[in-house]
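Each of the next two complexes has chain A plus one more chain, namely chain B in the first and chain C in the second.
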Partner chain A sequence: MTNADLIADKPPAVAPRTSTPASSRLNSRIRSLLGRPEAGGAITVVVIYVFFAIVGQEGGFTTLDATASWLSNAAELGIIAIPLGLLMIAGEFDLSVGTVVGATSITVAIVTGYFDMSPWLGIGIAAVIGILVGLVNGIIVVRTKLPSFIVTLAMMLILAGLAIFVSSSITGAASISAAPTGAAKDIFAGEWNGFGTSIVFCGVLLVIATVMLQKTRFGNWIYATGGNESTARMMGVPTARVKILLFIGSSLGAVLVGVIQTLTFSNGSISLGSQYVFTGIAAAVIGGVLLTGGFGSAIGAVFGALTYGIVSLGVFYLGWDANLTQLFIGILILVAVFLNSRLRRLAVGRS
Partner chain B sequence: MSTQPIIEFRNVSKHYSGVDAVVGLSFTLVPGEVTCLLGENGAGKSTVIKMLTGLETPTAGTVLVDGKETQFSTPREARAAGISTVYQEVGTLPLMSVGRNFVLGAEPLKGFGPFKFLDIAKANRIALDEMRKLGIARVTNGNQLVGTLSGGERQALAIGRATYFGARVLVLDEPTAALGLRESATVLRLIEKVRDSGIAVLFITHNGYHAHATGDNFVVLRRGANVAQFSRGDRTVGEIMELMSGGEELARLLTSGEPLAAD
Partner chain C sequence: MLDTSRRRGLTGAYIASAAGLAITLALAGCTSGGAASTKKDSYYSGIEIAYVSGPLSDSFFPPMYNGAMQASEDLGVKVTWIPIDEADIERTSVTTMETAIASKPDAIVVGSFVPSAVDPLIQKAVDQGIPVYVSQSGQSSWESTGAFGFIGQDGVASGTKAGAKLAGNGAKSVLCVINVPGNPYLAQLCDGVAAGVQSEGGTSEVLNIPTADSTDPTKVTADIGAYLKTHANIDGVFALNAAVGTYAISAAESAAPDREIHIATLALSAVGLDDVKSGKLDFVVSEQPYLDGYLGVLFAVQYVKFGLSPIGQVNTGPLFIDKTNIESILKIAADYPGVLGSS
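Moving on, here comes the complex of A and B:
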């Protein structure tokens, strides 16, 4: 035994790495890359982009305008899909995000357009509503052990009904124009050559979520809670707190998108955001978040959102019937989920 | 090595509504010894685990921890007393890495103030070291997903975690039930390693061969009642199996021709 071995705090390796042939090392590196949760999502987004870039080039899909448009839309979906993806990794769903977008929208519009008050007040009230919705969703799911699918479906209807009632009681309408100007508009609805500030928000959220998942104790708890809740609890993970916080996060993502869209369109509507009920989940799943929890990543949810954004706009640039968009996305979800499940099996397969 | 028992059950019973799950059970768990708790399904083994881990409280009798009468009312209290349970079904998380799995709930952190981040390198090092101590040398990458480990290696991970975080009593619930021969042998060797490190082991099983191969003391349960207690070498494997299943009673029922009780 050499001095270096004595100094090193771990015993000498049983099988020295250098004996591994280069080819098998490369092989194992590729395997570990493909075993990452977002591998399927990354492949999907590249393939889809290349396809539309080639076929849709004449239609102008690769122009700066078109790119700004799909990227901004994808970023808004990403702001929903990242926190929703974290919640799904912890093993729960949130179908109420779409209605939270609508409720936020009408709140901001009433405050700014009807009462002519500061947009910041509207944003503040919407944030409080978002926190409450997440808190109630989380507490009901944790206490009753009912499936979050049902709990948040009920919450979606309750909140929609409440928002319409409040809106028509105060203003007599379910859609009113908002008139925000100044800093709030610049921050949430600003743009540069068509590239919205939503892209910046999505990027910041991606970094925060990734660091949280990979580098913090809370991130470890998220994976464990979704992987096997009773095991996690036995190891001392506060699974109830993890879930409630993630429900709140999911709602707050929806509030942010509601604010962005309302200030961008200068119009508030209850039906705004209704598409997010399923597109958020679809984006997370395309990006490799496991429906049953325990596996996934924030970048995967963003890959899913990008894929969704490219397809939604790409179909238009191909000159196809826009009604085909949904059909295309439906097939895409099937293919992506199949790809993900294959890759996951590869990752877990005995080496 | 002290031979003072860490855990002592004195005449412990547990009744559920109308059912006697465990009746008048007495046994001790001593450091550095493997006690086998044997019995078929429904013999009362799970009830004993629940009373040891604070999920249930006995309806009669006393439990002593380090000689002092104790009643666990929550799993946390049992864990604080150094009792750690490794369950067959729910020990590990297949889609998490070896290192992350190992430190779950007690993650090492680095950094300062509000910027405390997971020390993954340390987690991986601890996990691999502890598994190597238990004789698992094939696992060399802490980032490997637990799903890629064999059943025996997963048990090693769960057992290593329990002992690393200070278990004095290790309760193993059917650790070999779902494993093949080779994997079972790995787990039996793990049990011996843990015993040799001075931990009191309660090995719960319905496999007479596995018990016979590793046990120092044996407690056989049948329908809640303690039908036999003996030490290593007192009984053959065949006798253990017969005690567990009630072989002589079965033989009598089959040959006597008396009408079958409708219970």
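Moving on, here comes the complex of A and C:
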């Protein structure tokens, strides 16, 4: 595997032969499939689902209600994980996604619930906040060359503090109820038999992100920036612009989830979404996005989100001692990531 | 066939994954269920209850859990405890209730921490034919959801009585500490405390502990201490769980040792009871969560079997524990740990 292969996201090269026996054609086909970034994530989600479907069936895991529940939740995580995953492919982290969700939530709730104005105004303000946060994150990282881990961690704290300050000053509370009506509610909080519109949003985002990564120049730039930033810049890739746009993207993903959840729960809270800083990165990594950058895919992030969604909700259907829920989630995540890394080594040819 | 080294790599991956799943299954086998039904032919056997409430990591809930588990054993029914995650309170309030509904129990007992999100799900459960009993949280809206009753205390009224008592003891400026920001019920409790304090001519303020700090004792103590230092007018602190009460005492001792600060808490612990006896705490307000757990299960079981239940709200609180009744309470706490409060 050369750097050029990595940048172009090609599967590992296999020497062509004139007459190949069926078995070694199958061999190379399997290897090229396993070399794709999402291979581990795909296998993991199937194995995990089968496991819970068998062991959790008696508890009701395979019912329509249960499926609607974990799928809608996984979709919300997917909306965070896709743009976060793209940013990670470009070699950066965003730890502020959780507090962007909370800040969005409190903005929408204050506008809709406290001031009784149209939810679209709240959504608009939240989107502007998200863009600003992404812009600031991106510019600081690009200009100062500080690790994005630290920059976005600082942004997380700044935003959390601002959110509670603004919320307490205006309303005196950290949690505000808001009962939305009209088009905004149908679009963001709509559901069909328990399946939320978050699933549609995630699907659309997946298509856009995949097309962008595979078919556009910008997608190549993302892989190039993450693979080797200085080489990319020498080749003419505008790495600064790529990163700033991706930071904005990851913040906007968080804004969308904040809007969806606030309108669904009819309640806004500064602490909404604080877990996504962990679960978003976990989903991306389970889905094959490398922590070191340069490798990964949007569909992988979705497989990772599905896996995490199944595991974190499935444990309740097993009837196991609820105190051990987090322990089980941890073990299963470890297994999933390990499987991923073994598969990738296998496919790339280093055992 | 894949060549040998590839096969070894793939085999390694399968073995490791199988081992991981095997460990998980083994642990599961040892723990099955938060449920105990030891009497095979009990009068109520076969009934399954889903109890949706808070996590055991919050010191308020272990007595409720112990009550529910004791009822499960005494009555011979299966009780599955489904806890929310306090760091992700809105979303997990919804997912735990969805899980409870999808597991098709005979009845659900639920603490509705975020009524705007959970009440519609209670209605959904009732529409599907699953009776729902509301426990500890959700007292202002349970009736409109189709639930068949409520057990707990009126949070706001209890807060008001506590605030008035604290002000009556001499606290003119009371700080109410919210340790789970974003929990609407705790916000209402502090509103009640404010009303109570104001009725005695005092004032009240609220401190929201940042979510990131709320499980860290050192941070919570430091946060409260910093507030006390910068607000010299505060002469009373009301904490909403036993652990935070302990932190408030440390904070007062280190940050404002020369000020007389009256401290009281909601929910008790062994340490809290000792503090009432020694005078560090003015009083403790108990909702007797053990009863919420035990009676919640009992009422659900009797409703499932006979269609009988108490009408309306059953009050398990507020019970005020101060110097006048501390001795008898201490004896019970020593004999039966985990029933009155966390140990």
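The rule we apply is simple: the second predicted complex is superposed on the first by the 328 of 351 C-alpha atoms of A that agree within 3 Å, B and C clash if a C-alpha of one lies under 4 Å from a C-alpha of the other, contacts with A are read in each partner's own complex, and residues count from 1 in each chain.
Just so it is clear, a contact is a pair of C-beta atoms (placed from the backbone, for glycine too) under 8 Å apart; a residue touches a chain by one contact, two chains touch by 3 or more.
Everything numeric in this text was worked out from a predicted model, so none of it was measured.
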Next item on the list: Return first, second, both or neither, reflecting whether A:Trp120 touches chain B, chain C, both chains, or no partner chain.
Entry: neither
Next item on the list: Could you look at A:Leu318 and tell me whether it touches chain B, chain C, both or neither (first, second, both, neither)?
Entry: second
Note to self: Just to be sure I read the superposition right, which of the two partners does A:Asn228 touch: chain B = first, chain C = second, or both, or neither?
What the structure shows: first
Notebook entry, point to check: Just chain B (first), just chain C (second), both, or neither: which does A:Phe195 touch?
Noted result: neither
Check: Do any residues of chain A touch both chain B and chain C, and if so, which are they?
Finding: 351
Margin query: Residue numbers of chain C touching chain A in their complex, please.
Written below: 1-3, 5-6, 8-10, 12-13, 16-17, 20-21, 23-25, 27-28, 31-35, 56, 80-83, 85, 87-91, 93-96, 98-99, 101-104, 114, 116-117, 178, 181-184, 187, 206, 208, 210-212
Next item on the list: Give every residue of chain B touching chain A within the complex, in rising order.
Entry: 75, 85, 87, 90-96, 100, 103-107, 109, 116-118, 120, 125, 128-129, 132, 137, 140, 143, 145, 147-148, 150
Next item on the list: Provide the residue numbers of chain A that touch chain C in the complex, in ascending order.
Entry: 23, 27, 30-31, 47, 51, 55, 59-61, 63, 65-66, 68-69, 73, 76, 160-161, 164, 168, 172-175, 177, 179, 194, 261, 264-267, 269-275, 313, 316-325, 327-328, 331-332, 334-335, 338-339, 342-343, 345-346, 351
Checklist line | chain A residues within the chain B interface of the complex | finding: 9-11, 13-15, 32, 35, 211, 214-217, 219-221, 223-224, 227-228, 230-232, 234-237, 290, 294-295, 344, 347-351
